[in-house]
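The letters A, B, C and D name the chains in turn, as written, and every chain counts its residues from 1.
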Amino acid sequence: MAVLPMKLNVGLVGGTGYTGVELLRLLAQHPNATLRCITSRKDAGTPVGDFFPSLRGHPALDRLAFCTPDEADPTECDVVFFATPHGVAMAQAETLTAANTKIIDLAADFRLQDPAEFERWYNMPHACPHLLKEAVYGLPEVNREAIRQARIVGNPGCYPTAVQLGFLPLLEANLVDAGNLIADCKSGVSGAGRKAEMSIIFPEAADNFAAYGVAGHRHHPEIKQGLRRMSKQQVQLTFTPHLAPMIRGIFATLYATLTDDSVDVQALFERRYAHEPFVDVLPAGKLPDTRSVRASNMVRIAVARRPHGVTVLVVEDNLVKGAAGQAVQNMNLMFGLPETTGLTALPVSP
Amino acid sequence: MAVLPMKLNVGLVGGTGYTGVELLRLLAQHPNATLRCITSRKDAGTPVGDFFPSLRGHPALDRLAFCTPDEADPTECDVVFFATPHGVAMAQAETLTAANTKIIDLAADFRLQDPAEFERWYNMPHACPHLLKEAVYGLPEVNREAIRQARIVGNPGCYPTAVQLGFLPLLEANLVDAGNLIADCKSGVSGAGRKAEMSIIFPEAADNFAAYGVAGHRHHPEIKQGLRRMSKQQVQLTFTPHLAPMIRGIFATLYATLTDDSVDVQALFERRYAHEPFVDVLPAGKLPDTRSVRASNMVRIAVARRPHGVTVLVVEDNLVKGAAGQAVQNMNLMFGLPETTGLTALPVSP
Amino acid sequence: MAVLPMKLNVGLVGGTGYTGVELLRLLAQHPNATLRCITSRKDAGTPVGDFFPSLRGHPALDRLAFCTPDEADPTECDVVFFATPHGVAMAQAETLTAANTKIIDLAADFRLQDPAEFERWYNMPHACPHLLKEAVYGLPEVNREAIRQARIVGNPGCYPTAVQLGFLPLLEANLVDAGNLIADCKSGVSGAGRKAEMSIIFPEAADNFAAYGVAGHRHHPEIKQGLRRMSKQQVQLTFTPHLAPMIRGIFATLYATLTDDSVDVQALFERRYAHEPFVDVLPAGKLPDTRSVRASNMVRIAVARRPHGVTVLVVEDNLVKGAAGQAVQNMNLMFGLPETTGLTALPVSP
Amino acid sequence: MAVLPMKLNVGLVGGTGYTGVELLRLLAQHPNATLRCITSRKDAGTPVGDFFPSLRGHPALDRLAFCTPDEADPTECDVVFFATPHGVAMAQAETLTAANTKIIDLAADFRLQDPAEFERWYNMPHACPHLLKEAVYGLPEVNREAIRQARIVGNPGCYPTAVQLGFLPLLEANLVDAGNLIADCKSGVSGAGRKAEMSIIFPEAADNFAAYGVAGHRHHPEIKQGLRRMSKQQVQLTFTPHLAPMIRGIFATLYATLTDDSVDVQALFERRYAHEPFVDVLPAGKLPDTRSVRASNMVRIAVARRPHGVTVLVVEDNLVKGAAGQAVQNMNLMFGLPETTGLTALPVSP
């Protein structure tokens, strides 16, 4: 007797941004997911394919239209993804968890474990500090077992994913001076979201390279929280985000001072990530580029020694491993599916 | 005795868009222009260099800040450029001309000679039809003498400049079927203006190619008006604008059916433009590209024969010859300066 | 009892270009294909993942390295794809067909049915005119039944696919003047192939738009051959290829004069392509863009009426429907698999 | 009596690369330069405008064609620029200096003062170590007086210019730990030169971000030599070059640890560069972007404090201040012209 594959009823709140459309792309092709509803107050009634012509004609999406939050009952879903502005997921978390619906929030509501820290950076009090306490930070390479048990996952930000995975083996092994870490990060423009803002229109952002958020970026406390957990030392991080003229991709160049000069960092990284399906440590001497992970959930990492120090180079697709792909990876874990389900598509290059 | 060079007092109304900053760039370097005032209600008080960091530190701009229309008295200027939305120039035209101040409008107020046509496309009645009547369409290659005498110049749109210059020799010589003209045009994204619009943010416009305005574009009647004047026949034009993922540049590919197959179109174009300082007819067999005119006032044209037909390929920088550069060219003519003054900078390539 | 899925042994000759890597991407994810060998004289011995880091770590490719033609025996394959320069496939066609191995050639060896025409455009005599006679032109929307029976398929070029699909409904229905067709085409730079050529290095091709091949392009006779078969009239085509600063994508803007002004072209196109899995006719008023098909096998088409004429706008991904994807579609047909197998991945956008 | 302006006879050896065409652009518009000859063995006989269509029709270039080294007598020039591969300038230096012709080399022959160091990095012995000894490193902000007296100037590399100007005020004032300097640099693709190389063709370099030369880059010893001269301490530098998908521009993000936490670095930088015509220190809180200096000789610098450290952000156009513009600046100094002559053109933005 053939066993029918598990079919999860999936809801998506706020599907009109870039993480939203990327979730639609991944979930429509996921063998165990059935998209039940996708809400957008502003675009209710619009078929998904009218909004994103790239999705036209797909059987899993064809009859799907955006609906208002009132038309949908997300509690009928097994899991709901929030691809919304900060603050939306925490307002619905109580109701959903009470109905046994799991939550994966791609915004920041469940990333910072300290409600005061959340309030400082997002200018609103946290709506459900008790649920925040049980929420799990969805970085599988660090928290896999906790994610399997979680009812609420705070999906990591794009920069934090790259930076944490790059520093992880070094901090866990206590091999670098955690008090002097530098993360020089470059992001494609889709990282700014699907927003009509002057600074990201094509003639402003194309053929140009800029720094931003040097004085303070919301991903800074998230990264620091993660690094602190990995490290036995006090953590001090300099984080410089830059905007590169490309659509997708994050390139993180990380600098740390080694406390033990004799360590074989290449071997360390290879060992740490040997069984990680989505972390590829490049052979010594090879350097990564962002297109080698374009549209895929893969992270590629290279390490380079320098006198008393190490440079770690990390690439990811900010919309996949940095957002929607990692969210699906978390869903797979939360429901006991093979972790790579629906995430094996090869990168698109060139 | 040395004669002091003529110094024109120049005003700029609405200097925060792309044609505005391009006018600033050109006028700051123009030996006969002194920028007196630049108005922007929204950004009044902001120094020009704060708004456009590329202009920081230039002696002609250093002490210049945007001011409100009330703080400036444009009638003290010899000439005022309008780099504003449609409708602004015509509201001030009466006052300025009465004060003997000349007007160069980079919007559409003085392009379409028929007020009804203007109203149909711009959804507002024309404010000064009597001044519209005397206004001159600022395409020097067609209207040079009239521009010299003009008090008001309607500066041509970017597409219309390229398309008219491409068809001009053929229509003047009555060598093509004017009832079946096709202009397949590709524009860089700056042609859409400096506006926070979703469709032109980098992740939407980059690595992408799109058509738009196929059902009707405001430049269509302007082009047709120009072609009609050149031609002895009825004119029928198909105009298809496209958006190309580049900052500047227009590439117009024009198709016409020859009525006389024996004509040497290469020689025709070379002859017609032999003395035009800003039209470069490429040698037979060479094809143009937009970067060969980037940041310059030059137009380059190639012609290619095909059975019974001719293909004309035209490139221009939409912000220079398609806007600010042509406006300065018109100013030079209106004040008896050598036509190329301030416009001889070489294209920037690569 | 479960029936094991058919597994085709697949060979790839010449896998180091863009159509090669795209075939690898598609075939690695195809449920009925097993990659047996991939030859490249120059890069023999190099693992595929070293050459294309985007393919690192995929189970179907992990143990695959390029080999010399001598190390591989392609006759052991069920089908061999040629992603080679022109002239290679025809040299091996005799041997392969004799061994009952089917051939899908992505170069031009089996596209032009007239050997003299082939010789004129490719400067070499055809090596096997008798096999050329039986070869089938692999445009499924036109030749589906013949492809199912074919031993050799000449896979269409990128431009020819877009242009033929755009004119097809009009010519079949004999509704336009076939003696005056215009195809104004814009291609991403990957269409030029993976070649170290000065004209396509980034600083030359970026932020630039150029025409090329106006005097004659090898795709011209291929397109004309296709259009001639569809039409009852003499065909005259003007074909202008342009290079747009994007990686992938073809945008074809087609112009034709209607012989019957009363026809509903929108309905005509919708009817003609109603059952085509990879042709999407957009609703009236919508216009396509290339990113809506990026990395997918989909073609999207819009039609727009104009006085006495019709403009057809076609987008495709030149590496997928314009090359590797269409080749896989042909393989599916030749082996009785569902036509869309392995080709259902959604476009990647943004 | 009017004094005629000084007219320098200028030669250019090797004018077919990007620094060559940029020199042509700048020198053609320089009021005191007359281009006498431009040599290129490979392209001798080709008019400059055929090679670089952007230069077509300029009076100073119109009659200029590339010539072979034998046809030109560079010793008739007052100054010769070398925009050649490494090794060419040093082979002609003896002859030229003997003829009283000054030399500005844009390659590396006269950058590294230690001939052994030169040999190590460029794999050739230095041809004239005695001339190397008198050659001056052409960074005016450091060496202005020496440049005025120089017969031979080694024009700095693009990365070295940005990195040295960024660290200069800090090292001169001995305020940072010179033993732990980090330069994370991002360059536009034109920095790789005008070469037909696979790694920089558009489909490889566009929409992509990559690191390279992490294990060792030829600019590293040049930067270190410069920093060593500025510093009283031992210098240790980590230099990570990256390739960004843009045509021009260098963005250098520099990290240093402050030895004195109380210093006002903003004031330090403003003071140091107050009288430099081509260094613009941005107001506190502002961050630079590369387009704000596109096609101009300006460098813009921002400084940002962080706990115990400082981040310096520097932008320049790699082809202007990073190559041809700085070379012209050096020429102006060597011949007693005002330093900014021919270099005042405003940046092109957008």
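To be clear about the criterion, a contact is a pair of C-beta atoms (placed from the backbone, for glycine too) under 8 Å apart; a residue touches a chain by one contact, two chains touch by 3 or more.
Note that this is a predicted model, so its numbers are computed, not measured.
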Chain pair showing more contacts of the two, C-D and B-C: B-C
Between chain C and chain B, distance of the C-alpha-averaged centres to the nearest whole Å: 40
Euclidean distance of C-alpha centroids - chain B vs chain D, Å: 36
Separation of mean Cα positions, chain D and chain C [Å, integer]: 46
Residue numbers of chain C (touch at least two other chains): 18, 188, 190, 194, 203-204, 206-207, 245-248, 288-289, 291, 294, 350
Chain contact topology (line, ring, star, complete or other): complete
Residues of chain B that touch chain D when the two form their complex: 18, 21, 25, 28-29, 52-58, 190, 194, 206-207, 247-248, 280, 282, 286, 288-289, 291-296, 298, 300, 344-350
Parts of chain D lying in touch with chain C, wherever the complex brings them together: 18, 188-190, 194-198, 200-207, 245-248
Interfacial residue positions of chain C with respect to chain B in the complex: 180, 182, 184, 186, 188, 203-204, 206-212, 214-215, 236, 238, 240, 242, 244-249, 251, 253, 255, 257, 285, 287-291, 294, 302, 304, 306-307, 309, 311, 313, 315, 350
